[in-house]
């Protein structure tokens, strides 16, 4: 069964999740090695028979590894991708590819030259609910998409320290929704208009960032769309998608912990949605790594490419520019 | 447009509802007269151009009336039906036809001999939700019914005075559900087993009655079913039906005042069902009288007959006997 | 019970609905007279004891009438409002007040000088579902509104003849949603950005109009919002509202004809939403006229004023300008 | 972290599931060994560092194992439990304990004398949805249970070979629902009445078995209940529970693969429920074994005991007797 040998670089929360999925849930793959600058953290993965490294370059030197999962800190992605490409290994990389468009283009050039498989981690595409909406578009059930509405709100804002380095809400949050809009519609976004406010926490505003935003989308086909984001719902993760087409309107709703409801004189009561991405997307985290393994096993192209990663960043840039200049920005203005 | 001329006998709550539906919502019918032993009550209908009587027999003497709606007190039904039949007028009568099986049979004989149209008021058959379930059975969507489950619970028990004269929960409440079971399944019930308790109010037990019951149904086709009743939910009227067939399972859920829900950290909250029959069944009250008018206009047979009224009573008797003797009772044992 | 005497001017579909609600469902009001330029049409109301006119001015001359409902054709509103104000009668007027901002301002001046009550017919405010969302905002359940999303899509486009004179989608459709956004949020819209396409019917584009639109809203509080409209769903009327606040997120969903669902191997199936406004808003049509009667009976201010009517038009103008110039338009730019 | 060492006996489908949960998802436990009469099957578990045996008695001889999970074939349970008790090891055993009441009593005596922890595998108690209903009863949200309705229907009947040896629908299917009824209500069933038919497959009837059943429950508190079972829905596993109490009515609904729905002119469409127990209960399978480990780690009593296992069998016997004699059977008649 084991056909591909994988290593995971970076043993933070996401690296741990990927490691366990590879080791326990994907019979076609073997988890051979993991690395983290803290070997102690690497050791926490606790899976029998996995080699631990504190330098990911040692892993890249090994001949017996087919692909790597890059889950190191965001600021190292560029360097690790280059090194992995030069080592001639296939790779799955968490977004973003790099922090500037120039760096992204340069890195994608290196990857292309190396001729290695490269997949970007937009996990939500692999969530059963969102991927089913995509299927309903693909199989014609929805018809021609005309309106795409995306709601994407976090239960609580991240720590201020994170907010300072995350690049702002458009790059940190909306970027996923731009990819989702492209994914479910099968269409390209040609213009965006972004507006927003600081309604959750003044300190977010002091960082020059927003916490509540609305982005209008114009697609190549003429379809229109909206993405609304908030850094804080209070209740839980609110992740919904609607695609209105000329044959039907499809909705992806929130998952809940149980299917219980009860009726009392005050009303009918059911669960809040699952709390956050860890609770909401275990199957998507599994699915994306499974897809990466599949494209190694079958020698097929990755389902999410470097171009997809680049496009989401370009759209985030357009949104930021739109907000700053308070005008719709054609995506062609960027990069 | 006006093709039939109708009178309503009895101006209690139900008589008022029927009067308004005839006068305002059924263009084919004209409300010509109403009666009540309290002429003051009759006057409360407040519809222009309607003649008021304190003796229903004066209405029956009029030649210009095609049909009557009998909404007088339960203990008068037998007498009023006889008189109406003898006057040769079509009639719609609230259930029950009479209070003993002998009386029912006798009355139905009189009606048959008179050759007048006779419709019994099982309003729920005309509720859009329940009648849609029936349609799904009729058109084959459900397939052959195999299990029928009915939930029928009141928000609050009636007054003790009413409880004393209503004949007990099987005759007052389950009787509707027996008719519903026959209606949605298109099948006949051949055996019942009834059990129950006094869990809501001890005084109900002191009357020899029950307030919480479970009746098992066996149908001629071999299908099985259950009816659960309660005199008190606290929240509202709980009226649901499920028909499980060999092609699908169909559900009739409760109606709510609005389609609002909200999510907060405590859960997702929506409305309680509509409070009681007045709130829940306005369209059913309209629909049954409309059906009566239609069968006069089109000279077609009534959709709910005296036989249907009789069968529901027989089933209630079987349930009572089953409970008293704690054994399943073949319906053929009764009447 | 009858405390106010009302006449309805214009016996089109909406005038007929208002007439029946006043005559049959509002005991405090008496329907005294109706008018239509076609006396035959006026006669179709078919309510006993109502005087019919072919000239509404005859009605305004009567001393025994307290208020009028103006349901005449759109192009006559301005003239009829003026005449009614001069006759010193309270009035409920279907939107729009007039077709230009100058005319609206002039007419509102006349009404104010006359000192008569004036209510504008934004019926959706009186829909039980939408008014419940407003209540959840008002009572603090939702908290401070931060995002307002409105979906408003028609089942089928109107006839081309109507499309030619309706003023375009922003004035004909979005205008209701602008009012809804103000109503549910309790906030004022200060800037709009509108984009859209012709995806439903090319002939709509040939008229210089759009059939699929997305309008971004910026509120005075900093809240953001979106309104998406379509002239054609194919399935039915799709009218939903979401208010996301700092305490909860409230949703108004679509109503359906029944509460039936069934499960078969192909899925779980339930009703489409109610077809169009006649099916969806009977209670809202009743509620708005009841509110008008109430403000006469109680001598209280109308719940929807001329200023509300004007604001919705101003917002529609801003949306149109935004679309034409492809830029966000501060509402203060208009009027 | 590893505090208890576990072996799994029997490597059929369920044994494989338990093994993986212990090895991969329960850090407090270590999977030390597995056995199966087919060592090849034992090898299929494919977990590094686990010893494989073809004779479970070799495992019982080891001193370094704290507890065993018994997932061997049903007919061996009795023997394996005895051997495990004599080896002084804690055990988790799939139901049933044994095939006759005498054997169950004898085995439970052996277990008690040995003083080892003994837990029976009624997995549904550990399903998040059903356990939440139990919590709502326990914390008083539901109030005093008055009516308990359980729906439990399989997507497809098992093979005829299995049907021949499974003991009949009451022992194979309803047994789980009897336990669920006791679990969610916290009450004891004192009388049952069972009826049923052969509507799915005549061959089931030829075996003297039923495929469609309705069991009425009477609880010690006076509460009533119903359990309806079917061997075939066609659509999927239909597992629902309703507890109606004097404060609220709680419902456990079916889980679905996604939260997608779409609206087209034919209706609103969503998923069928998850297909069968493997799809529906992964968290329950995990939860029951986790609970077993927890009671070893904490030296606490097992949450599902031999007495619970015995009671479910007694209730199944009472149901069978009730069906055969077509009369309500007091549970005290059995055993």
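As written, the chain order gives the labels A, B, C and D, with residue 1 at the start of each chain.
The definition used in the following text is that a residue touches a chain if its C-beta (ideal position, glycine included) is under 8 Å from a C-beta of that chain, and two chains touch if they have at least 3 such contacts.
Keep in mind that this is a model prediction, so the values were computed, not measured.
Note: the chain lying farthest from chain B is A, by mean C-alpha position.
When the interfaces A-B and A-C are ranked by how many C-beta pairs touch across them, A-C comes first.
Distance from the chain A centre to the chain D centre is 39 Å, each centre being the mean of its Cα atoms.
Annotation: 57 Å between the Cα-based centres of chain A and chain B. Between chain A and chain C, the centres computed from C-alpha atoms are 42 Å apart.
Shared interface positions of chain C, defined as residues touching 2 or more other chains, are 233-235, 238, 247-249, 263-264. Chain contact topology: the protein chains form a complete graph, every chain touching every other one. Contact residues of chain D toward chain A in the complex are 20, 24, 27, 46, 48-49, 128-129, 132-133, 136, 141-142, 247-255, 257-264.
Within the complex formed with chain C, the chain D residues making contact are 233-236, 238, 256, 263-273. Here chain C touches chain A in the complex through residues 144, 146-147, 149, 151, 153, 191, 193, 195-200, 212-214, 216-218, 221-226, 228, 230, 232-235, 238, 244, 246-249, 326-328, going by the rule given at the top.
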